[in-house]
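What follows is a set of structures to go through.
What follows is a pair of complexes built around chain A, which joins chain B in one and chain C in the other.
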Partner chain A sequence: MDEMANREKKTLWENLLSIDRRIIFIFIALAIALPLFFKTSLKMPVSPVVQEVYNAIESLPAGSKVLISFDFDPGSMPELQPMAESFFRHCFRKNLKVIIMGLWPQGPIQANIALDKIFRELKEEEKAVKVPRYGIDYVNLGFTAGNEVVIDRMGHDFQESYPADAKGTPLSKIPLMQGVKNYDNIDLILNLSAGYPGTQEWVQYGVDVFHVKLAAGNTAVQAPSMYPYVQTGQLTGVLGGMKGGAEYELALKRPAKAVSYMFSQAIAHVVICLFIIIGNIAFFTLRKKKTLKLEK
Partner chain B sequence: MRREVPLVLTAIVGITMIIAHFLPPLNSLKDLFEDWFFIIAAFAIILGILNLILVNGNNIYRKQKGWPFGVVVILGFLIMTIIGLGFSGGKSFQDPGTPFYYLYTNVYSPLSATMFALLAFFVASASYRAFRARNIEATMLLLAAFILMIGRVPIGYWFSDWLGDALGKTADWIMDFPQTAGQRAIMIGIALGVVSSALRVILGLERTYTSGE
Partner chain C sequence: MSGDIIGIWIGAILTLGIFSFLYKDNPFYKFSEALFVGISAGYWFVVTFWQYFVPKFWDNLSLSFHELVANGRIDYHWIYLVGGFFGVLMLLRLVPKIGWLSRWSLAFIVGTTAGLQFTRYLESNGIRQVVGTIKPLVVGGNLGTSIGNIIIVVGTFTGLIYFFFSKEHKGAFGGAARVGVWFLMINFGAMFGYTVMSRMSLLIGRMDYLFSDWLKLIK
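For the complex of A and B:
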């Protein structure tokens, strides 16, 4: 009863200082869900770190070999899958040869999901671009346990980490893998990472030891820790979170999933900021009242 | 012997790996140790599976708190394994169209993404409670977070039009300089910590991994 009486005594500012988290949850749910029903065209410049990744792929001549390491699971799919799709779109548009691998067990199947979508798109929309053929235009090496040791061994010989592709075909029998011994035969490495093992390990064991050219797509949480590597040139560029994915889609002039989700994320950010402002106004008002009381 | 053998093995492997980095003739030894690592890593997966079954099986057998979740875990594991190994085209089990792929995309993916998406709600609630301008440090953190949250989403650029893109440029500056400087300091600190921890393990000063002491 006392607790109820206390609750009734609470002023408006006290209530605003301790808003029930369920109310915040409802506002966030609405802020995320409702914008998905609206089509908007919000202005968004492509940041230099994203443009660098785009340029790295764009500058490759047709037939160049690109290794994409899928180091994430479905938990990070909303952020990293749009990047994966954009990388495939870009590579196949440029007629690049794509080698897929994964340091996470779920990585190679995430690649298959992205490829499945891209192939359907190519069949429906861009009839001029031929659908890539397995083993000739792209290959999925699958997952190998061993984290950074896999990266290290591939620097000497791919076959030491991957004697066969995900379907069990020996690398020596795959046309795309002819002439690919180690990183010397790879023109660019793209890494989609949600944690360990991921971009940091690729920098430490791939870039620093074998001097490979590396660009990455990371979750928004992870991306800030990659900025030092971008500044030193160890990392060509980085796509950070859904925003990085959206900027890449814009650079590619092919707005897709990430761009459409950005409005939702923007509204959610605004709602969080509003709650922070309300919390601080209530905090200062109550503090002022307490000070005045003490002075009296 | 139970403690001495792991310590000696760790010391030999650790010292060899360090020396091999600078002495190429020792690379064959390094390769051998890495081969062993691959084998151990593969066995670790089997160990993980056995552990999953044992822990959850034990919970179910003893009817411990939350045991029905253990049933779901073991059923989920068995269904995915049996369908993946037996009914999904052998080594092509990850290809689109297989029953394994169907379960992965329609059950595992949404469940996993849902768990991650819940973070948005908790981050919002935690931001509201934590970002209070109680002192100078907290105010700086609050301002930086505020500028980044608004400055790095499209709606921020819309606001920025009125401010001559000041918000976006400030957000980029925070990311490029104070943030990167802080990250670099943390990275160097971690690297030094890793070196000292590795040396302690190699020299046998850190022995907790052998018996938990």
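For the complex of A and C:
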């Protein structure tokens, strides 16, 4: 009976402070799920660090060679896969030659998933753009073990790390790889990274040893650690998390997954902020009441 | 039912299994978790064998052996035997009496990594960052850059002062340290915000999978 009486005495603020965490989970789930059903594109400015990545690709003449290193796995797909698709869209639109590799075993597989999607799009939507041909317009070198040592060895000779592509064809027999010995023959390197080895290793071994031009797309967790590299000029630009990916899609004038996801992201952040504000108001209100009671 | 559809259904059911932990611990969650751990272990064993052991060790030594038998020449690929030797030493941890031999392999790994990383870290994350903070405080005709440079210089300087514990944080020194704490807190806040965004992104990815790929409610 006493317990029941105590429960009745609880104020609104006390109830809010002892709210079941599962109710918060439901709010977050709804905040994430419901916006997915609305095809709403948030307007957002393209930040300078993202614009720099866009400009780096845009400024390349047709036929330039771009190396894209896929250093992530399916665990980071929601953040990095939209970036990968945008990079491919941009490169193929500009008729650039794309060389794919991976320092993570699943990386080149992620590249193939993105390529399949892009080729479907090209066939369905942009009929004027020819579908890139393997070995001529793009090549997938696959994964090779060795982490940062791979980056270092490729600086001397690609064949030291990749004697053949992912299908086992020797590099010497691939038209796109003719004349490609090391980074001197690459115009731009793009890195999609979710951890180690990733952008930091590319900066340490690729940029600071071989002076390659590097731009990166990172998970949001990594992004704050990468911005100092942009400020020092070691990185040309960074796409930070889903927002970076969305901004890149807008810069490309081709809104896709990342832009559509950002509506959910924004609503979820608003809900989290509201809970933080309500929790703080409840906490300070109750503390004030307790102080007043003690004074009386 | 095609393989893709079966795969999507299995993925969706296991996703719901993992999500069910948010309500409370239950056998469905435990099954999904155990399956994930088991499949991950198996997957990584296969990846390690086929992507590391076979191409780096087995294939290279096969070439050397072939070269020796066919031409009687000893080529440089035999160097991979050194790596193989250290690899075997690592496995000796399974034999308690001679398990200490695995320390040789560990010492080799630690020593190589330290040597390799020392100069790279020093240049990329040390010297280049120090150089990046040496900036003019006033840039003529560009107020934004001037403010940015001042923030970088003040933030770096006061942040370093905070970590200087040989002098008591009092007076002007203490004031600078407090400013440093503010910069650190703003940095931590930004990092935490980015982490929240990252985690929300993963949840969005899973929700999209459930509603788009599985239930086909979103086109």
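We take it that the second predicted complex is superposed on the first by the 283 of 296 C-alpha atoms of A that agree within 3 Å, B and C clash if a C-alpha of one lies under 4 Å from a C-alpha of the other, contacts with A are read in each partner's own complex, and residues count from 1 in each chain.
Rule of thumb we're sticking to: a residue touches a chain if its C-beta (ideal position, glycine included) is under 8 Å from a C-beta of that chain, and two chains touch if they have at least 3 such contacts.
The structure presented is a predicted model; accordingly, all values stated were derived computationally and were not measured.
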Handout entry: Three-chain arrangement built on chain A, chain B and chain C clash or fit
Key = clash
Problem - Partner chain in contact with A:125 - chain B first, chain C second, else both or neither - result: neither
Exercise for the section: Scan A:231 for contacts with chain B and chain C and give back first, second, both or neither. Expected result: both
Exercise for the section: Have a look at where A:36 lands relative to chain B and chain C in the superposition and call it first, second, both or neither. Expected result: second
Practice task
Mind working out whether A:203 is in touch with chain B, chain C, both or neither, as first, second, both or neither?
Solution key: second
Practice task
Answer with first, second, both or neither: which of chain B and chain C does A:58 touch in the superposed model?
Solution key: neither
Completion exercise
Per residue count on chain A, the busier partner among chain B and chain C is B
Exercise for the section: Could you say whether A:184 touches chain B, chain C, both of them, or neither, answering first, second, both or neither? Expected result: neither
Exercise for the section: Tell me which partner A:148 touches in the superposition: chain B (first), chain C (second), both or neither. Expected result: second
Practice task
Examine A:283 and indicate which partner it touches, taking first as chain B and second as chain C; both and neither are also allowed.
Solution key: first
Exercise for the section: Check whether A:167 is in contact with chain B, with chain C, with both or with neither, and answer first, second, both or neither. Expected result: first
Handout entry: Colliding region between chain B and chain C, picked from 43-51, 61-69 or 169-177 after the shared-chain fit
Key = 43-51
Problem - Those residues of chain A which chain B touches in one complex and chain C touches in the other - result: 25, 28-29, 32, 75, 77-78, 144-145, 149, 224, 228, 231, 243, 265, 268-269, 272
Fill in the blank from the handout: chain B residues touching chain A in their complex are 31, 34, 37-38, 41-42, 44-45, 90-92, 94-96, 101, 104-105, 108-110, 112-113, 115-117, 120-121, 123-125, 127-129, 131-134, 142, 145-146, 149-150, 152-158, 161, 168, 172, 175-176, 179-180, 183-184, 186-187
Exercise for the section: Write out the stretch or stretches of chain A touching chain B in their complex. Expected result: 19, 21, 24-25, 27-29, 32, 42-45, 47, 73-78, 108-109, 112-113, 116, 140, 142, 144-147, 149, 152-153, 156, 160, 166-168, 224-225, 227-228, 231, 243, 262-263, 265-273, 275-276, 278-280, 283-284
Practice task
Mind listing the chain A positions that touch chain C in their complex?
Solution key: 22, 25, 28-29, 32-33, 36-37, 75, 77-79, 105, 143-145, 148-149, 200, 203-205, 207-209, 219-221, 223-224, 228-229, 231-232, 234, 240-243, 261, 264-265, 268-269, 272
Completion exercise
Note: in the complex, chain C contacts chain A through residues 22-23, 47, 51-52, 55-56, 116, 120-121, 123-125, 128-129, 131-132, 152, 187, 190-191, 194-198, 200-208, 211-212, 217-218
